[in-house]
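The following pair of complexes shares a single chain, subunit A, combined with subunit B in the former and subunit C in the latter.
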Partner chain A sequence: MRLALLFLLLLVLGPALGEYGLKLASEALILGLYAMAFNLLFHQAGLLSFGQAAFFGVGAYAMALLVSRAGWPFLATLPAALLASALAALVIGFLSIRLSRIYFTMLTLAFAQLLYAVAHKWYAFTGGDNGITDLRPSGLLGESLPFYYLTLGVFALVVGFLAGLARSPFGYALRGLRDNRARAESTGIDGFRHLLLAFVVSGAISGLAGALQGALQRSVFPDYLFWTRSAEAIISTILGGSGTFLGPAVGGAVFLFLRVLVQAKTEYWPFFLGLLLLLMVLFFPRGLGGIFTEAGRRWSTGVWGGAARG
Partner chain B sequence: MELLEVRDVYKSFQGFMALASVSLSVAQGSFHALVGPNGAGKTTLFNVVTGRVSPDRGQVRFHGRDITGWPTPRVARLGIAISFQRAQPFVSMTVLEAVTLARLGYERKTLVWGRSLARHREAVERAEAALAKVGLEAYATSPVAQLPLGDLKRLDVAMALVAEPKLLLLDEPLAGLSRVERRKMVAFIGNLLRQEGITLLFTEHDTEAVLALADRITVLHQGRVLAEGSPEEIRQNLEVRQAFLGGSI
Partner chain C sequence: MDLGFLLLQLLTGLAYASTLFLLSVGLSLIFGAMGIVNFAHGSFYMLGAYLLYAFTRGQAEAFWQGLLWVMAAGLVIGTLVERVLIRPIYRRPEEYQILLTYAILLLLEDLVRFLFGAGYRSFPFPPAFSSPLLLLGTAFPSYYVFLLGLAAAFAFLLWAFLHRTRLGTWVRAATQDREMLEALGINVPLLYTAIFGLGIAMAAIGGAALLPLQAATPGMAVDAVINAFIVVVIGGLGSVWGALLGAVLIGLLQAFGILLFPEMAMAFPFALMVLVLLLRPWGLLGRPPAVRT
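Then we have the complex of A and B:
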């Protein structure tokens, strides 16, 4: 219900946003998709992937190559991007999920950097560091407002899907594996298979986000695959709070708006970001989502001077 | 008829002989105790049976079928359930959710996401029934994280029972419980499993409880089987040994 209200708000807000506002809002939704895909692994399955950029980038490049080389219409490339990044996740996940914790994290990072190096050097195929440019979607989707609505639509679909997944036996099985893997496996749940499937789903959504981002920017560069892109998913999740369903998406939006705000005034954005993360981790480890949940709880139980009870 | 047979199993960890030539037969419907001091190999033997550890040599047979080296989830779905010594069921869930998940894991229905867990009515009903059997039905909606230790153990047993196992492994079901709770737990386990016709293989340090519950006892010491027999035989055997060896076990 509250989710539906949020989407309604984002829907009617569209025309009120200017050209720049629409771009920023679209980018926030895309980063939200990407961060929530990361958090499916991080929060539900208990896997810290430091290689989400691999799937973000594969999705973006799949879209870009199909549009620029094969002349596909942009919309048709979205399922292809989804599939390509799912396939990449299947391979990378198959090789890394057997490893435990820190080794898993390092291996996902290594695979993403490997793909980055390939995209960076393979001029004939990916255009190297010149990237692939001139990717404006043809027709209506080349306009900011329809593109924003497309992004919002995809975001709503994915959020609905992830909400359903969290309540499904599969979502519970992931939590069971995170809570106590030995216990879960001795009830008949095959850990490797479940985690691999979660990894593939997360990769596919990341790839979808990457394809949308490429179309929004009208270009795709190797930095889509760079490790800082993986870090963006983690930072958004820390800011927004991994324990709250929409937390990572909220964190992503806050991250973007802060970056725009700070970058307009100073060149010290990384410094502010570092400081902000430090404060969040030290004082609000459950992120913005945790703050809101706590505030809501206190409000309804009247811990704040009984104001709510009147 | 033998339900579980362990034949001549060896397992060493980096030179340490955890199990050496261990053989064990658990008859259908019996309550079989595995006793011995810490480090005797009881937990390793459990791990070999449930597939968490592959033996270096030897065989595990269940219903006459060789299951040596099978992965844990597959062993579980065959009808071998386990409740752990340190019961730490799924702490992020409610009691009913944890047991329902255990049922769906057994049914291999956890790779689906079309329908929410709560709407798998049949599994939920079975979970409710399992909770009723262990006396936790009133706590169905409580978070697992808030249960006291005794209830956690009951919950862990319910998660094992919900899969309708033929063989139940209990690793020190009484560890950490008070004297009163222990007595209740022994009566509870005995009655419940006899009623359900479930075969039991368990480890326990509490001699009184072992003698009260077990039909048959295997004594492990330093990875080897020291003695096997009925409780009465073992008692005499141990007394004889203690008389000669001065109570080394």
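Then we have the complex of A and C:
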């Protein structure tokens, strides 16, 4: 219900946003999609992927190549991007999920960087570091407002899907595997297949986000696949709070708006972001979601003092 | 392709491997002993290059003192960073370690950009190594010899430290079983500070030693840290000799890969990293993790 109200608000807000605001809002929704895809793996399945950029990039390149080389209409490339990144996630996940903890994280990082290196140098196919440009979607979707509504629609669909997934037996099985794999498997849950499916779903959503981002930016470059892009998913998620359902999306939006605010004043945005991350990790490890939950708890109990930090 | 040319490529690869070893070995020790995933490691390599430039004011004659200053500064900075920033996150999950060290990476990158500007900073060969050497009719920078010697000296010193001193034995013990070490009354936090400081100092030396060959930019850290992770994963997280082997493999792969398949040379190290993780996740010279119940 609260979700529906939020979407209604975002829907009505559209025409009031203006050209620049629409672009920014679309980008925030896309980053939200991407971060929530990461958090499906991270929070539900307990897998820390450092290669989420691989699927973001594969989706973006699938869209870009189909639009620029095969002349597909943009909208038709979205299912293709979803499929391509799901396929990439199937292969990478199949090989990575066998590894435990840090080795899993390192292998996902290695795969994403491998794709980055290939995209960076394979000029004949991907355009190398020149990227693929001139990707304005034809027709109405080339305008900012319709594109914003498309992004909002995709975001709403995915959020609804993820909310359903979290409450489904599949979601319970994932959290069971996260908390105690041996115990979950002894109840008959096939750990590998569940985690692989979660990996593929997460990859597919990331790919969708990548395709939308490429269309929004009108271009796709190898840095869509670079490891700092994977770090952005982690930053958004922890900033917003991984334990709160919409936390990663809120974190992504806050991340973007802060960037715009800071970049208007100074060129040293990375320094500011570094400082923010440092303070967050050291003092507010549960992110904005944690701060609000805590504030809400204190509001209802009326206790504001005490040693705990809010 | 004549023999002299192949030899030149071999030496180029080994010279690159030397700096790669200095960069990576600290990362390996820090992960192996402390369990910290340090994404800021490449930033101290970058910082080392800039510090050399700052200490010498770009004067080739001051290279040797500069190198010593960089080592001292690396020790101090590493110790401080461990005490103030890393210590609070030892028992926190990996994602917080990644974010915190990534934050350090961002801070240092912008700090250097603020102090030195975004452009390239280069440095001449030090006077003793300014003229090229001739070998099989091919000229190559004599500075390569210095790099090889530097890496060999550090590898030997590190081996002697780890295997011939009490402190080194504790470091090795920390990679095996921290709790046991604590139970024996060893001051493990102090040991961690020492390991981190040492690792950072070596990375800084590596970056400084690379400067005469390759100009420094604030953005070099994001690539350096990934190269370091490749080397360390291939060699085995926590293994010193693994870092050496990994560095030599990646150095040669780069030097010869670019000759044979210029288009794909950039992808080779990652492909090798993937392959090692699939076949032997604990690395070529690492130990399979003990089964904990």
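Methods note: the second predicted complex is superposed on the first by the 303 of 310 C-alpha atoms of A that agree within 3 Å, B and C clash if a C-alpha of one lies under 4 Å from a C-alpha of the other, contacts with A are read in each partner's own complex, and residues count from 1 in each chain.
Definition applied: a contact is a pair of C-beta atoms (placed from the backbone, for glycine too) under 8 Å apart; a residue touches a chain by one contact, two chains touch by 3 or more.
From a predicted model like this one, the values you see are computed outputs, not experimental measurements.
The superposed arrangement places subunit B and subunit C next to each other on subunit A without a clash.
When the two structures are aligned on the shared chain, A:I189 is found in touch with subunit B, with no touch to subunit C.
Once chain A of one complex is fitted onto chain A of the other, the partner contacts of A:Y20 are absent, as it touches neither subunit B nor subunit C.
Residue contacts after overlaying the shared chain place A:K121 against subunit C, while subunit B stays out of touching range.
In the superposed model, more residues of subunit A are touched by C than by the other of subunit B and subunit C. Of the two partner chains placed by superposition, only subunit B is touched by A:G164; subunit C is not. Looking at the shared chain after the overlay, A:R101 reaches subunit C, while subunit B stays out of its contact range. Residue contacts after overlaying the shared chain place A:W299 against neither subunit B nor subunit C.
In the superposition on chain A, contact of A:R175 is made with subunit B only, not with subunit C. Looking at the shared chain after the overlay, A:F257 reaches neither subunit B nor subunit C. The gap separating subunit B from subunit C at its narrowest, counted between C-alpha atoms of the superposed chains, is 10 angstrom.
According to the touch criterion, subunit A has no shared surface contacted by subunit B in one complex and subunit C in the other. Residues of subunit C touching subunit A in their complex: 37, 85, 88-89, 92-96, 98-100, 102-107, 109-111, 113-114, 222, 226, 229-230, 233, 237, 263-267, 270-271, 273-274, 277-278, 281-282. Interface of subunit A with subunit C (complex): residues 42, 48, 50, 95, 99, 101-103, 105-107, 109-111, 113-114, 117-118, 120-123, 227-228, 231, 234-235, 238, 268, 270-271, 273-278, 280-282, 285. Residue ranges on subunit A touching subunit B, taken from their complex, read 164-165, 167-173, 175-176, 178-180, 182-191, 193-194, 197.
Residue ranges on subunit B touching subunit A, taken from their complex, read 50, 52, 71-74, 76-77, 81-82, 84, 88-93, 97-98, 100-102, 104-118, 120, 156, 159, 163.
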